[in-house]
Amino acid sequence: MKSFKLLLTLLAMIILGSVVFAQASTEKSTKKTQLQIVHWNNLGDDVIAKFEQENPDIEVLFEKFTVDQFMQVMKTRVASGEIPDIIGAQENDFPVFLKNGIYKDITDYDFVKRLTLNAQKELLAFGDGRIYAIPSNAWAMGIFINVDMFKQHGIKIPENYQDLHTAAQAFRQKGIAPFVQGIKDSWTVNQMFIPQFRLQVDTPQYYDNVKTGTAKWTDPEMVKAYQEWYDLFAAKGMMFEGSLGITYEQAYQLFAQGRVPMWPMGTWAAELFKDDAGKPVKLSFEMDFIPQFGNDTGEEVINAATNIGAMYSISSSTKKLDAAIRFLDWLTMRENAEFFAQKTGLLFPIQGVDFSEVVPYGNKLIPATFEVKVLNPFDVFVDPAVKQQLTVMNQNLLAGIGTVKSELEKVQKAQEIANLERK
Amino acid sequence: MSRRKTQFIGSLVVTVASLLSLYPVVYIMMISLKSKESFLMSPNTFPDVLRFYNYVREWSIGRIGILGVNTLIVTFISIITSVLIGIAAGYAMEKLIKGKRTHRFLYNYFVAGIIIPFQVIMLPLFKILRTLGLFNSLRGMVIVYTVLNLPFAVFLFCAFVRAIPNELLEAARIDGCSAYRIFGSVIIPLSRSIIITVAIFVGIYIWKDFSVPLVYVSHPLRKTLSIGLLAFKNEYNTNWPVLAAAMVIQTFPVLLGYIVAQKQFIEGITGGSVKG
Amino acid sequence: MSESSRYRRVAATPFWGNRLRHMEQVNCMTLDKKHIAAYFPIVVFLAPSLLLTAVFLFFPAILEVYFSFTDWDGISSSVGFVGFRNFRLMLQDDVFALALRNTVVFCLSTVVLQHLLSLCFAVLIHRKVYFGNLHKALLFVPSILSTVVVSLAFSFILNPISGHWHELFSSFGFDSLSKINWLGDPSYGMAALVFVSVWQYTGYCMVIYMAALADIPKEMLEAGSIDGTNGWQQFWFIEFPSIAPAFTINTVLSVIGNLKAFELVFALTGGGPGNSTEVIATYIYRVGFTSGRMGYGTAVSLVLFIMISAISFIQIKLLRSREQ
């Protein structure tokens, strides 16, 4: 009995203690306005510190997740009404969240004008004429190439879609696999949609038509595009051996070691080319970054890129609107934007920002992101369930499972289910 | 086969297994001492310079101190509640309830509880927690963890309490003990070993878990160690050695506790845990 | 306070007292005076667990069942009722069938290997090997590690280009083995997953079996050695039957745990490449969160729950009858 009483008292003390502790930690921060920000890209502790220094009455609570977790957590929280003040917005989920009125309309605020014109244009198109978010990252698709390997084997560096095929086949004939990719990380297979992008350039409404049923994934044009994709990436000898089992960073490793001629990846990968001290890594070869050509020989170069890669939106139900506005206003000011870009390595599309210090080899990446003609890649507009099936299809083809036709049939099936389920 | 020979072969087999168990852990420790580019360039070699700085960096940026305290509190309290509530339920089910149908119903009820995966209840549970004001609090996490571990704990306690001879309880009852007295003075002392066992399993589960604090806590200072681990996992640019250092930091207390308390640990588990 | 005095106190209260007297009048049998008061402890002891699990575990689960009959996308506040459509779609879903098959294969392989090996190690160490306690500790260590740690370590070790195994195999000349893409090749993915899962939890199972073995009364073993049984016979006829209850509990929990396994598969292969290593739990995640079909996802989880329940109850029945 004594031990029982002892246990009870111990228990009571502990519970009391924990309650006190929990209360204490809330007490500490109720003096300032707490701004809750959630994103999958880094905001940078230095950036937060600088902001809090200049705005002492606001405290920033930043929560970072990986992309996978972000979807899970955001959806769970939004569904229960626990929405942070500033939300990271992703192109795929953007339409659904928009439809449910999660985002606040910020078109009329001045700070929006500081974005690059391309960014503003894309935002307006995305938000049906109104602006609902600020992009924190502009990126372009492209191919990192090992110039030395091209020179060594006398292969012309591609300038259009046909050149790309020629170059790839030339490498293969010499027994060198032209591409490497971190296929184990499934999102990377979606970075190589060059033939499909070309289809989008030729017939832009194609990817809308599948949603209404006027076009199908099994139509001849799509089959042809995917067959070209297969010949380019999935056929024997095109992918560096073992690519199926390596991650995104391991693929970078192989490229940085100079073992592959081409690595199709977006500009965000430039961040990897840094050493611990933050300085650009010294490569043993000359590197360049070419666009993923949607244009044929002789046509103007067009690349898949977007100025609204990862976005910050204000929640329409936030109680700290003033603080949120101040934060975004502060962030978009040129010096702060530059500071943010430098600390995070993101290409923040604010007018006047100098990106040469932001990412290693920045001067090579900027043209493909901000200077050529760009088109927002189609995979943003595809239904999430269909996009998932496309990823599976790409992985299957790369792994040697199934044929182009059979896999496209599965995609079509998924599209039909999505059309059925869409209200 | 001679005793000696069996013993030798047995030792060999077990040694191979132990080494296999150990080596990925050693590998992680090795990674944690490398620099980022040395790791990306050659992940399998020994670090030539031991970068203990990785640990320092992880500790400060990952706010390990506070998160560690949070994790300790939540784990500790959850263990106590799971054990107490669990053994109470086990006692009631095995020794107090006379009806066979009631017993079967309750037994199935708790087994069903073990089967339900967390993923499934994650969303609605969140709504409930929020309505009750338990979102973003350590109290909320304690409740969730208790509930998640209760079915398993009750299952084990039932098995153990069933094996306690009824004569003991009869003797106590004749002496004039009430059910509560029997619980406190007879059941709990006898169950010391199974209590330690359940405490260990529940503790390890909570310490490792990251799904619960991920979704149910948003304030950075109220999260747990497993989330702190992710501070260095940027989407496109993870600093693996520092991440490995974080993992070592997270695993270290449990490992240490295990080595130090190994005697208690093993005694607890060995002392007649699962009797059925 | 003794039970009879508590009974008197209860009988003195108007509400309960009246009911008791009413029952005594109506029933022919005299009520056992201790009967009512005997219920209090039961309620007190059971209430916390029943209440907590009902509110925080079963109630959300039932809500999820409701969602499985809708087309909810996981975010919208408006939800449309669609009857059994999700379940009909499931019947035609090839990926679901694949995930089901993978789950069963994974569970069976893991459980069989885990328990075989852990029993083997348990008996060996129990019968004394050199440094027995050290081995016990080392084998237990993997189960302490969180999934993040385990998946990180193995994704680097099993890397076909720069991983440990690749280098090990090639230095011994096993070229074809060294090239195997353990986590990326559809034919080897499941094997790799089973391997990691067995690696992590064999020690855990072993420790439980060792505990059960230690409980066997010495007399039983002595009787056996008097009869002249050898090592294997001793195990099969004496030790194994004696640890039957532990075996039941351990295997049942193991089966349940492996059927709903999520984190390990998700972190190591993500279900890929394609869908080749998809298990039901990862499929539920994929469908519910990634594809935005939460209604369908919850329908699949309902099916998973029913499946696991059925398998567990059959298993418990079989093993319990064996225990007698």
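Should a chain be cited, it is by its letter among A, B and C, assigned in written order, with residues numbered from 1 in that chain.
Keep this in mind: contacts are C-beta pairs under 8 Å (C-beta built on N, C-alpha and C of every residue); 3 or more make two chains touch, one makes a residue touch a chain.
Keep in mind the model is a prediction, meaning the values are calculated, not measured.
Between A-C and B-C, more contacting C-beta pairs join the chains of B-C. Chain centres computed from CA atoms place A at the largest separation from subunit B. Spacing of subunit A relative to subunit C, judged by their CA centroids, is 37 angstrom. Rounded to whole angstrom units, the spacing between the C-alpha centres of subunit B and subunit C is 14. Multi-chain contact residues, meaning those touching two or more other chains, occur in subunit C at positions 74, 159, 162, 285, 294.
Residue positions of subunit A touching 2 or more other chains: 72, 79, 253.
Counting partners per residue, subunit B has 123, 230, 240 as the residues that reach two or more other chains. By the touch criterion stated above, subunit C contacts subunit B in their complex at residues 1-3, 38, 41-42, 44-46, 48-50, 52-53, 55-61, 63-64, 74, 117, 120-121, 124-125, 127-131, 133-150, 152-154, 156-157, 159, 162-164, 167, 199, 202-203, 207-208, 210-212, 214-215, 230-231, 244-246, 248-250, 253, 256, 260, 262-263, 281, 284-285, 294, 298, 301, 304-305, 308-309, 312-313, 316, 323.
Chain contact summary for the complex, subunit B toward subunit A: residues 35-37, 40-41, 61, 73, 76-77, 80, 84, 122-123, 126-127, 130, 135, 137-139, 142, 181, 184-185, 188-189, 214-215, 218-222, 230-231, 233-238, 240. Every residue of subunit A that touches subunit B in the complex is listed here, in rising order: 1, 3-4, 7, 11, 14-15, 18-19, 21-22, 25, 36, 38, 40-42, 45, 61-67, 69, 72-73, 76-77, 79-82, 84, 248-249, 252-253, 256-257, 268-269, 271-272, 274-276, 281, 345. Interface of subunit A with subunit C (complex): residues 71-72, 75, 78-79, 93, 96-97, 99-100, 102, 183-186, 241-247, 250, 253-254, 383-385, 388, 392-393, 395-396, 398-399, 401, 410, 417, 421, 423. Per the touch definition, subunit C reaches subunit A in the complex via residues 71, 73-77, 80, 89, 94-95, 155, 158-162, 179, 181-186, 269-270, 272-276, 285-287, 289-294.
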